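Okay, so chain A shows up in both of these, paired with chain B first and chain C after.
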Partner chain A sequence: MAAPAMIFAVGMIGFPIGYAIWLSLSTVAPGADPVFSGLDNYGRLIHDPEFWNALKLTLALYAMSLSMQLVLGTWLGLLLGRSNAARGLVRTILVSPFMLPPVVVGMMAIVILDPSFGIANWLLAELGLPPGLWLSDPKTVLVTVAALDTWQWTPFVALIVMGGYLSLPSDVFEAVELDGATWWQRFRFVTLPMLAPTLVTAAVLRSVDILRFFDVIYLTTQGGPGNASTTLNILAYRRGFEFFDFGYASAIMVTLSTLVFGSVLVLAKLRRAVSW
Partner chain B sequence: MRVYQLLGTIALSVISALPAKAQEFNWRANDGQSINLMLNNHPWSQAMRDLVAEFTAKTGIKTQIEIFNEEQFRARLTTLMQGKSPDLDVYMSLTSREGAIFEKAGWYADLATMIADKKMTMPDFNYEDFGASIRNASTFGNRIVALPINQEGPLFYWRKDVFEKCKVAEPKAIEDLMPAAAALKACDPSMGAWAARGLRGAVPYALTAFINNLGGSYATPDGKPGLSQPNTLKGLTLYASLLKDYGPPGALNHTFTQVIELLGQGKVAMVHESSNEFANIMRFPGRAQDLGVKVLPPGRDTKISKPVAIGWTIAVSNFSQHKPAAWYFLQWATSSEIQAKLIKAGVAPPRASAFQGSDFNTWVSEIPTRKAWADALIEIGKTGTGVYQSPTDRIPEARDIIGTAVQEIVQGAAPADAARKADEALAKLQ
Partner chain C sequence: MVSRRALRIFDGIQLTAVLAVLAVPIAWTFLLAFKTRTEVAALPPKLFFTPTLENFIELFSRNDFLRYTVNSLIVASGSTLLGLVFGAPAAFAVSWHKLSWPATVTLFARMAPGTLFLLPWLIMFTKMGLVGGHFVLILTHAAITLPVVVWVLLPYLDALPRELVECAQIDGARQDQILRLVVMPVVAPGLVVASILSFVFSWNYFLFALVLSGIRTKTAIVASFNFVGEGVTNWGALMAAAVVIALPPLILTILIQKRLVGGLAAGAVKG
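Moving on, here comes the complex of A and B:
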């Protein structure tokens, strides 16, 4: 009975991963077959400052995006969960950002945030505020990218949190209220611990996406200015498809995949720890 | 008996005529075949999508065209070619950029043998009609790997009306650009004075004329990376300073799309951008009347004017199962007849005969700006270069490093430090 599932798993999951690992252990010149070169590509990674910069940026983007999305998503989710008014309409509106293809989000960002002809700076000027360079300044590009991802995916986290909140037993909240707990005490000692498994689930889903984040960055900055937004995914793409260094690009991707798997494993352990 | 004699004579004449017939080129020789084309999003590709039905009517060869934006195009092409896919027959290639890598990888079919074969090549094909610099970019040893489909290079576009209003003289030497930008900024602070490419991989295309015209070169006389040479450094510094002091905010993420948008919308007075975008610029209201176009001015003392002149090409995949049919498409698409039609889509023809043709001259004479553009294209065809990086086969990486040096200078690094760092990185590619 399990045979079809096994064949599917090996063919569709095991083979591509195995092939990527094989490529990462090979030297692959354009037009040539891979030639086994052991850990050479991984040795290059260790001595490549661009790799370390990309790893740092990937982790920084991950930390910024995930924390913003969890905080804002929790706030929005609880707000929605406690209010019955226009819940259906609000849910529909909330779904729309993450239904948008990343290409559309990237194009929107280019149009809105371009410092020369974007409407963001026009709005700031109307409000008497100084213009921003957004995606064009090495100092602000990563925060701007994190903000774009947060704009798109916070509603997703909010819907998960709202679902989790509505499934919590109401008698616990009634008891706490009767005991005279403040709103902060209710949130800190009741809501948050009870919602923790839900939040970890949301964190797992978002972690996989944020660590692999590619489309919007490539469309808006191509990893620039300089290397200021060259995350691991962007670096691997450039090495592979622009510079034809396929073996090295595979080594970067295998490293990134390990990072993704690692984060999921840690969060899975955390989920077990916070279950009630 | 007479009947037999007559039949015998007819049979003999048919047999004797056969070899001669077999030597003749026949457009219908590959009737019924299908070929797959993968193209970069380019004015040529858009025009080709409308014209290709004529090819099918003429040859009986069906075509399937896919057009992608440049990044997606390169990624998909690399994947298909690395996988030795037989599904792709014809693809666009910028041989001045990736030609050496693709040739080494064995991804191009050799066109030289097909050009030499009279059965496969139309009698009036005339390969020498293509510009010499773009022919050279697609020739490796005895092998011709692609045919040029356009001719392009960066040109200097300036707003004549703004210059006149601000009483600023038209720059005659490259050294005039900074003072002109300063005067324009002082005259009308609401308008940008200068725009050019700042995105690192795109920079060298526009930067090269700055370096060459000021007497610099990407390579030292012994072939080593030479960004640190004094005259090269002058070119780097001038390009970066114009962007830094007079360029639009966010210039480091700009490539031709943003530069053309700024010029078209009337937000900038001077740009150095591709001749290829001329048709797009002319679509903006007013630009056909108020714009000046010419080759970037030469160095005042050096008198050198050496811009980039390149052409996109089309090639036959070495893994194609339909090479003759694909070669027929290449001939048809690059013929004088089709190039005359492409001119109206704003595609500058790589054939000298198309430049001298009546269609082209009639179209050009309709608007003075078009005439200026055509004159500039003819000039870069004669003076231009297809080399815009230090010597290496790893051209995309080299251009990226050069662009990074410019970005660093724009962000405040000392030009000499940025150039030295780039030279060290470029040396590793040799």
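Moving on, here comes the complex of A and C:
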């Protein structure tokens, strides 16, 4: 019964992955067939400052986005769980950001964050604050992109946290409240450990998306200014589809995929360690 | 000790602030779509204005956006259908026979960066002469919808009483009949969630169509990207395009709000 899915999986997923790995071990001259060249492309990778820059940016974006989304998502999720407010219009507003096409989020960012005509800098000026260059400044572009992703996905993390919080046994909370624990003690020693498996699940989902983050960056900056937002996925795309350096691009893609699956495996181990 | 009432008011203030941060940027940019050229750029912004449809008229008359929207509809519907046809029987096999490979393979497909498949696809489909057509987009987007279908349907199928299927087997029903007439009607709510999520994921997806679509088959998402790339200074028209591509996912997901997060997280818990 799974035969059609198997044919599809082999043809559209299995074969292309194998082909990508083969390409990453080959030299591909434009218009010619790939020629096996061992680990040449990976050797190039190690000596390419652009690769190391992209890896650094990918990890920096990952650290910033994931930590902001987990911290804010926990705060918002507990707030929603306590006040039982995530229904009707409130829920609609919460799910809207992450159901928007990422391309639309990028378009919104271009309009709102335009240094001269955007509403963001106008508001800052009204408040007497200095304007920002946001996506146009190499120093701020990565933080801005991380903030955009955080805006879009924090409500998702929050709804997962809320679900985890509401399924916790309530007698534990009543007991520690009677014991006179402070708010911080309750959070640090009861809520957080009990929520840990839920948080790791949210971290798995977000890790996969953040590490391969593409749409918003490619739409707003194409990896620029300079290469200040050229993450691994952007670098792989540009090398593959703008410079047609198929072998080298595949090596970057295989490396990025290894990073993604590695992070998932580490987090899966972590979840086993924190489950109760 | 702070009173409970004060705490509740404080919670309310925080929640209102969050909702404002989430909703205002969307509302603000979408309103631009209904402003005239001069009003769009006005700072301080005009909060009260007479809405106009001229941006939408320009979008659809001068930019052929209707064609791109129809392309998106074709690709999203086609890939959703393909995902269901391949995915629903596979999900049943996973649940019934405790078969694990379809679950693993689809999870792999869901987590891998799209760029990993894209180069081999480009080479394969160029050789087959399929690049630039609708079919190649439907096929590649099915790699997104298939995992969604399998993982969303799994919990529904696992909850299915085994006797139901066994009775049908005793009555001599064929496998495809059991699937079509017995199993699928029972998991219909799951099929609805899987279809809507698949459609939205495919509709929103950018990367595959960016490379594999032709001038006449590009999706509304790719057309909007080109808009930005051409350095369109007419923000009204730009945001009109944003409204057109954002509305289908927003409206569809309102229908399944309560099951949305579970559907999106499907696979992460077992995987």
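Simple rule for what comes next: the second predicted complex is superposed on the first by the 259 of 276 C-alpha atoms of A that agree within 3 Å, B and C clash if a C-alpha of one lies under 4 Å from a C-alpha of the other, contacts with A are read in each partner's own complex, and residues count from 1 in each chain.
FYI, contacts are C-beta pairs under 8 Å (C-beta built on N, C-alpha and C of every residue); 3 or more make two chains touch, one makes a residue touch a chain.
Values in this document were obtained by computation on a predicted structure and should not be read as measured data.
On the shared subunit chain A, the superposed partners chain B and chain C overlap sterically.
Of the two partner chains placed by superposition, chain B and chain C are both touched by A:246. Applying the stated contact rule after C-alpha superposition, one finds that A:46 touches neither chain B nor chain C.
Shared-chain residue A:256: touches chain C; no touch with chain B.
By the document's definition of touching, of the two partners only chain C reaches A:12; chain B does not. Looking at the shared chain after the overlay, A:117 reaches both chain B and chain C.
By the touch criterion defined above, A:29 reaches chain B but does not reach chain C. In the superposition on chain A, contact of A:226 is made with chain B only, not with chain C. Look at A:208: by the touch rule set out above, it reaches chain C but stays clear of chain B. The larger set of touched chain A residues comes from C, when the choice is between chain B and chain C. In the superposed model, A:127 makes contact with neither chain B nor chain C.
After superposition on chain A, the chain B segment that clashes with chain C is 60-68; the remaining candidates among 6-14, 24-32, 60-68 or 402-410 show no clashing C-alpha atoms. Common to the chain B-facing and chain C-facing surfaces of chain A are residues 117, 218, 237, 240-241, 246. Note for the complex: chain A touches chain C at residues 1-2, 4-6, 8-9, 12-17, 19-20, 23, 76, 79-80, 82-83, 85, 90-104, 106-108, 110-112, 117, 119, 122, 126, 151, 155-156, 159-160, 163, 201-202, 204-205, 208, 211-212, 214-215, 218-219, 233, 236-237, 240-241, 246, 249-250, 253-254, 256-257, 260-261, 264, 268. Those residues of chain C that touch chain A in the complex are listed here as 8, 11-12, 14-15, 18-19, 21-23, 25-26, 28-29, 32, 41, 43-45, 85-87, 89-90, 92-94, 99, 101-102, 105-106, 108-124, 139-140, 142-143, 146, 150, 175, 179, 200, 203-204, 206-207, 211, 221, 224-225, 228, 235, 238-239, 241-242, 245-246, 249-250, 253-254, 257-258, 260-262, 264-265, 268-269, 271. On the chain B side of its complex with chain A, the touching residues are 71, 74-75, 78, 81-82, 101-102, 104-107, 192, 198-201, 248-253, 258, 261-262, 265, 267, 394, 396-397, 400, 404, 407-408, 411.
On the chain A side of its complex with chain B, the touching residues are 29-32, 114-117, 131, 133-136, 138, 218, 220-222, 224-226, 237, 240-244, 246.
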